[in-house]
Every structure is written in C-alpha cells, then in structure tokens.
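By written order: A, B and C. Residues from 1 in each chain.
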Amino acid sequence: MIKNIRLAYSMLSPSLIWLLLFLIVPIVMVTVISFTTNEGYGGIIYEFSTEAYETAFLSSMYLKVIWNSIVWAFIATIICLFLAYPFAYFIAHAGKWKNLLILLVMIPFWTNLLVRLYAWIILLNGEGVINNFLMDLGLISDPLTLMYTPASVILGMVYGFLPFMILPIYSSIEQLDKTYLEAAEDLGANPMKTFFTVTLPLTFPGILAGFIITFVPAVSVFVVTDLLTGSKLVMVGNVIRDAFLIEMNWQLGSALSILLMVLVLLSVLVFMKFTSSKDKNFLV
Amino acid sequence: MRPKTKKILFLFTTLIFMFFYIPIIILMAFSFNDSKVGTVWTGFTFDWYKSLFSNDQIISAVTNSLIIAVITTLIATVFGTLAALAIHRYNFPGKKAFNFLFYIPVVIPDIIVAVALLALYGWLDITLGISTVFPGHVAITISYVMLVVIARLAGLDASLEEAAKDLGANEWQTFWKVTFPLIFPGVLAGALLAFTISLDEFVISYFTTGPGSDTLPVLVYSMVRLGVSPEINALSTIMVLLIVIMVVITGRKMRVSK
Amino acid sequence: MKHFVKLFLAIVLVLLLAACGSDDAGGSSDGELADKLYLFNWGEYMPQEVLDSFEEEFGVEVVYSTYSSNQEMLTKLNSGTVNYDIVVPTDYIVKRMINDDLLLELNMDNIPNFENIQSVFHERDFDPDNKFSVPYLYGSTGIAYNTTKIEGTPSYADLWNEAYAGHVTVQDDPRESLSMVLQTLGLPMNDPSEEDLQKAKEELAKLHPNLLAYDSSPSAQLISGEAWISHTYSGEAGIAMLENPDITYVLPEEGGELWMDNLVIPKTSENQYTAEVFINYLLEPEVSKQLSDAFPYSNPNQGALDLMSEEERTNAASYPPEDQLANAQWFEDLPPETIQTMNRLYKEVKVE
C-alpha cells in the first residue's frame, strides 16, 4: 500500500513539478507584483503597495471594462448555446452522416482563431465583400459600418467559440441512454415533453461544460476587439495586454489579471454547483 | 423526431454550416485574386503563393511553430500519461487536490497564464526565445493529455492485467506488454491533441516569444494588424487546408480503430 | 519510481542548459563580427532587401522585430527579457534613455559614414555630442487625406467633421493622439496641465464616434479608400501615395508634430561592434536611399538626398514645404505621472 502511494506520487511528480514551476509559481509572482510599488516609468520596486488595486477600483473605467467583457462574453455564450444545441441535436440524430458532419465541425474548431477572424474582416469592412455585394445590388449607396461595433465583437466571439459549445453538447446528446427516451414515450409523453423532461436535463452536463469552455476564453480574449473594431473598443484582455506590453505598468496589469481570474473561477464554481454530475470527464 | 421537426432542424444545421464555411471559402477564393487591395475580383493569380514561399519570416515562423509543437508534445504526452496512470490506478492522500490542479489550466484564461510566465521570466532575467514558449504550452496541454488517457483507461478491462500477473509477469512486464499497448490509442490521441493545441496556440506564444522566434499565429497576428493583404489570404488558405487534411486523416484513423 | 524522477531532472537540466546556451551564443569582441544581430525597429520602417544585402555582404543575420510605439519599445527593453543590439527611439526618448543610463556610448571610429548626415542633424540637444545616437529617418505627424473625398486643405479640426464619419483614423497611441487634440485646442502639447488633459480627453471622446479606427499604420486603409482622412506619420502617407494617386499629405494649420528617430545601442547588447558596423552600413548613401524609397520618410543623409530625383526631393509627405513646417512642434519628454494619466484617459475614451 505504502509502496503504491510512493509509486503514484513519483508518477505524478513530473507533471506536478512542471505545473508548479510554470503555472502556480508564475501566478503567485503576478499576485506579488500586483502589490508592489511602481517606480514611475514602470520599474518594479518591491515595497508593499495597494496602489494598483486602488487604481483598479477607484477609476470606474477599469470596473466598466471588466463589466463590459463579462456582459459581451455572456451574450456571446448564450447565443452559442442556442445555436449549438439544435445543431448538435440534429447531428447526433443524423445516423450514418453523423461522423462526416462532426468532422465538418472539427475543421473550424481547429482552424486558427486569427485566420477565422481575418475572414470576417474581408467580409465586413467598408470595402468588403458584403458592402460591395449590397452596393452592386443597389440596395445601399454608401457602405454600411459593419465592423467597429459591440455587435461585431459579439459576432466575432460567436464565430470563434461556437465549436467549443457544440462539441461537449454533441457528445452528451450522443451518449444519452435511449432507454430513458423510450420509457418516456411508453408512459405517454409527447416528443416535446420528452425533450424537456428527459433529454434536456440529461444533457445538462454537456451544456455546462460548453458554457465554461466558451465563456472562459471569450471573457479574456483581446484579438476580437483588436481585429474587428480597429482598437475602438477594448475588453479586459486588451487592458491587461497593454499594461504588460506597452504601458509598462505591470502592477496594474497584475491586479487586473488577479481580479479577472477570481471572477472567472467564481463563475466556474457557480456553474459547477448547478450540476451534481459525477462525470468529471465532461471537458474532453 | 417528427418529420417536420427534422426538416426545421435540417435547415437550421445547414445555415450554421454556411455560417462556418462561407467566410472561410471567400477568404480562400481571394487568395487567388489579382488585385493587391480591396475585395473586388480582378483576375486569377498564383503570385501570392509564390511570394509566400520566398518569405523568410514565414518559413522561420513555421519552423519555430513545429519545433515548439514537437517538444511540447513529447513532454506533455509522457508526463500526462504518467499522471493519468497514477490517478486512475491508485488511491492516495491528496488525490482530489491533484485532480483539481489539473483542471486549473482548463479553467484559467490563457492571458493570465501568459502574463504570469512573462512576469516569471522578467523576474529571473531569462532571455525570451523558443525555449521560453514551450513551458507554457506544456503546462496547458498536460491536462488534456491526462484527461484523454484517463478516458481510455476507464474503458479498459482490468482482468487482462490481472491475467498477466497471474501468469507470472512482474509489474514492469505487465505494463509494457499489456497495459501500454491497450492504452496506446489514447496516448496517441492525447499526443495529437497536444500537438494541435500547441500549433494553434497564440496568446501564450505572443507574450513569451522573443526576437526571431515568432510562431506562425504570432506572425499572422502582426500581419493582420497591418491590414488586409492577399498574402495573408494565401497563408490562411494553406493553414486551413492543412487542418482539413489533418482532420480527415484522424477521422479515418478513428473509424478504422473502431 | 526513481527512473521517472531522474528522467525529469535530466529534462529540466537540458532545458536550463538550452536557456543559458542561447544567452552567450552571439557574444563578439571588438573587430569580430557576431553571427546574429538583434534589431528592434518600428513596423513598416525597414525594407527586407537591406537586411538581406547586409547579410550577404557581412555574413551577419539580422533578426528583425517590430514595435508600434516608443512606449512599447521601452517596455520590452525594461522587462529584462530581451537583449536587442539596436533599437530606434524617437529624439525625446533618446534623451530619457541617456538619462536612465540605458545606452552604450558609440565608437564613432566604426561609423565613418556619420559624416553623410546633414550637419543640421548633428549634435541635437537630446544628445548634444552624438555620443549615443545616430539619426535614422525623420518626419512629421500630420494629415493624410483622399483628395476625391475631402474638399480643400484639411486641418486637425476636420477630423471631427461629421461628413467624414466612419472614414477617419487617428494614431493608436495615447501620447500621439492626445497631443494632436491638445494642438487642435491650442493647448501646450509638451507641458499639459491636468485640466488641459481632461479637456483633451473630452474632445477625443467627441471624435471617437467619427472614427473608423485607431490605427498607427493606416496606409492599407488609405489605399483601399476606406479611410478618407488620417492623423498619421508622413511616411505612412508616403506609402499610401505610392499606391493611390488620390492620397496626399499636409501638415495642418494647428501645427503637426516633428520627430526624428535614431539608431542607438542598448546597454544589454553583447554585439556592440557588429551593431556599429550595421549602423555604418545603413548610413551608406545607396542603402539610406533604399530606406526612404520603401518608406518615404524624410532622409537626413546628404549622400542619399544627392541620389534622389527632383520629384522625390519635393514629395509632399517626405519634404513638406517650409511654410508648413513653421508651426510644427517637436515632442518633448513628459514626467511619468503625466504619461500614466494620458494612458488612463486614452483608455477611458475607448471604454466610455
């Protein structure tokens, strides 16, 4: 028994040490930096200071950025959910076409986000495909502003992260035990009722998993605003990036990172609380 | 499903597929457009592909991406598989905490991992380059490898290992002769996942890469920021086609192994 | 099991060695060229051919990365995670870097081509003895515009014109864009008070809905016709003018800004001699002309100017007429508090 425990620990140790060195220690570093003093032009003085947090909380701007990011990411996630569920439901019931269709979802899933956002720039910009098309048809005389708005941010996020929502929902529908559905039908439930009382509750773990892996990247993304709004709109990801890479204000960047992390972990915990699922493998 | 419901869902699914694919197809089409600016079709050309293949920056970015992905895959696969075996087989104090630790990379935004690594490197005065990118990639991919292998282990018939032991094989022999061949498809799937995640990863690379070691996504980002250009279309087209090939091959493999 | 622990330690060791190994790869002593030279320059500022021909001639590979603002360059440099051999800061930033002891003193014996630089650009007040810096290119920040869309000669105030809504771009940099607004309001751009900045922020917020984008390299948008009027660098305008004959450039009546970018060697460089050879190479008349041909900024190199055609020497973007230059102002450095306030106000405009 003791031997087994030692064996288990030594097998775990490479991963643990790696995660400790390159994940936990760095996050602790960021926490430490968020409480240090800014030398002025950006140097770090290792003296305790809560200045970064004061800036973050006292200037309504930073709270608003975080709030905007959460709202936009939440809207995008909800839209993804409503698009993904019927889509995944259909594919899971597509019989022999199932494998081919899910393969067709894997292609956008693995295509780089930047490439896919770039595709939308070509479509949406003032001289872009959509505007040219509409003007050729004579429907509009001047190009419409399709980019550079909060709507285009949400579009970019939905396009970018929709496959993240589809895959877990699909796998939960696919693994559904058909006997429950038959039982419901035998007991006289109509298809609508069967769906809402049996299918939906049983696929809830898939929905939650999809929600988490869509919301987490969406709330922190900075390339969507960069590429689709001409830097006119910012999300918390942009502010953190700028603080670290441009403005040399690591204290503020660190403080905002910690805030973002806490908020994301809290929301994930809340999501998790919804489910009593023992199936911890839902993320794959 | 009722036929009517099925029809509506079919239409809906088709629309979503169009939503996925139309932008990508248009992007690919314009990589053959003769005009350097704008999105008006002026004629067919292969010029952008030619200039792509003579662009040193792109070639070096592809090389860097591949080097990083290979190193990441090797480390993450070995470490992740070991961890999966430990967690699946043994009960030990603190197992829950370890399990939780492996979920951290999945639920923490990648930008936080990225700035944290940058802070660490800054504090240690480490010069950024290829060797500072892959530690982050490994940190986020170990968990995925582990989860995939655990899933495979869960479907394993434990009696096979017991039979091997009953026949006198020691633990080491049992592992290499019985367990490993059985979980190998899972390990391979995990490795493939790690490789693809690393190739595709942008945020961590963007923060932790140094001069001359840009990865492909980092280069694409800086090109896109300068504006629309048919060269980016050509590069994107190649990237999409590679993904198509990879997805089709793994799809085939999966069907065969089933 | 011990195997795994050993394996792991071995891997860590290899990695550490690899990390250290990359540190001392390129160290070179005086008179000996390094294999690699790390150049950190502005985006759209260095033609690849120049780097290729340098590599061909001297066998030194130039590793080139780019930034889009002085702030960004300083941040990278101060982070302690990169060892660049050459960076290209603007004049007032050179001064700050000298004061902060970030630069190596140049050995002018290795840079004989310095004499090609016009004498007006010698010994400027940011580096009175040219001990640390050599001019690269200079230029201005003003207005690039599309003559088919904009009537008359625009000034900064026209950026706010609602008739151009959705076709205006301004520099994506707190210092640059707020300085432009300060000039438009007639307020001091090099010594703004807290209230001045607050006013400037409010004006910028009014400009925000009119904008197509915040963009420090709008040449592509100008060429495609999507941007009609852009607050941008003269050279960006010059790039657009090469491709689209409708584009022209003017320094606005409010002033516009002048600047000169300079080649310097940071203290962290381990290849000073190679860097100096490269700087000297860039000052060759033919090479220097290649720079301003590709990116039409103003060239301080007399040798390069002598090689230019009359047309090139009177290009509206690279060499604006004297009367336009009279009002233009040079940037001066600001105290850190002001810079942080500007960063914050600029973000506020985008968020609100």
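Convention: contacts are C-beta pairs under 8 Å (C-beta built on N, C-alpha and C of every residue); 3 or more make two chains touch, one makes a residue touch a chain.
From a predicted model like this one, the values you see are computed outputs, not experimental measurements.
Enquirer: Would you identify the shape of the chain contact graph, picking one of line, ring, star, complete or other?
Expert: Graph shape, chains as nodes and touching pairs as edges: complete.
Enquirer: So which one's got more C-beta contacts, A-C or B-C?
Expert: If we tally the C-beta pairs in contact for A-C and B-C, the bigger total goes to A-C.
Enquirer: Could you put a whole-Å number on the gap between the CA centroids of subunit A and subunit B?
Expert: 16
Enquirer: How many Å are there between the centre of subunit B and the centre of subunit C, using C-alpha atoms for each centre?
Expert: 36
Enquirer: Give me the residues of subunit C that touch two or more other chains.
Expert: In subunit C, 4, 79, 224-225 touch at least two other chains.
Enquirer: Multi-chain contacts only, two chains or more: what residues does subunit B have there?
Expert: 38, 75, 82, 118, 122, 135, 225, 228
Enquirer: In subunit A, what residues contact two or more other chains?
Expert: 7, 11, 14, 125, 127, 244-245
Enquirer: Looking at the complex, which residues from subunit C come into contact with subunit A?
Expert: 1-2, 4-5, 7-8, 12, 69, 71-72, 74-76, 78-79, 96, 100, 166-167, 169, 172, 208, 211-215, 224-226, 336-337, 339-340, 343-344, 347-348, 350-352
Enquirer: Per the contact definition, I'd like the list of subunit A residues that touch subunit C in the complex.
Expert: Per the stated touch rule, the residues are 7, 10-11, 13-14, 17, 40-43, 55, 59, 61, 64-65, 68, 125-127, 145, 148, 229-234, 239, 242, 244-249.
Enquirer: In the complex formed with subunit B, which residues of subunit A make contact?
Expert: By the definition above, subunit A touches subunit B via 4-5, 7-9, 11-12, 14-16, 18-19, 21-27, 29-30, 33, 83, 86-87, 89-91, 93, 99, 101, 103-108, 110-123, 125, 127-129, 132, 159, 162, 191, 212-213, 216-217, 219-220, 222-223, 226-227, 237, 240-241, 244-245, 250, 253-254, 257, 260-261, 264-265, 268, 280-281, 283-284.
Enquirer: Inside the complex, what are the residues of subunit B that reach subunit A?
Expert: 1-2, 5-6, 9-10, 12-13, 16-17, 19-21, 23-24, 26-27, 30, 38-40, 75, 78-80, 82-83, 85-87, 89-90, 92-93, 98-99, 101-113, 115-120, 122-123, 135-136, 138-139, 142, 144, 146-148, 150-151, 154, 196, 200, 202, 207, 217, 220-221, 224-225, 228, 232-233, 236, 239-240, 243-244, 246-248, 251, 255
Enquirer: Give every residue of subunit C touching subunit B within the complex, in rising order.
Expert: Interface residues on subunit C, with respect to subunit B: 4, 11, 15, 18-19, 22-23, 36, 38, 40, 43-44, 48, 63-66, 79-84, 217, 219-221, 223-225, 243.
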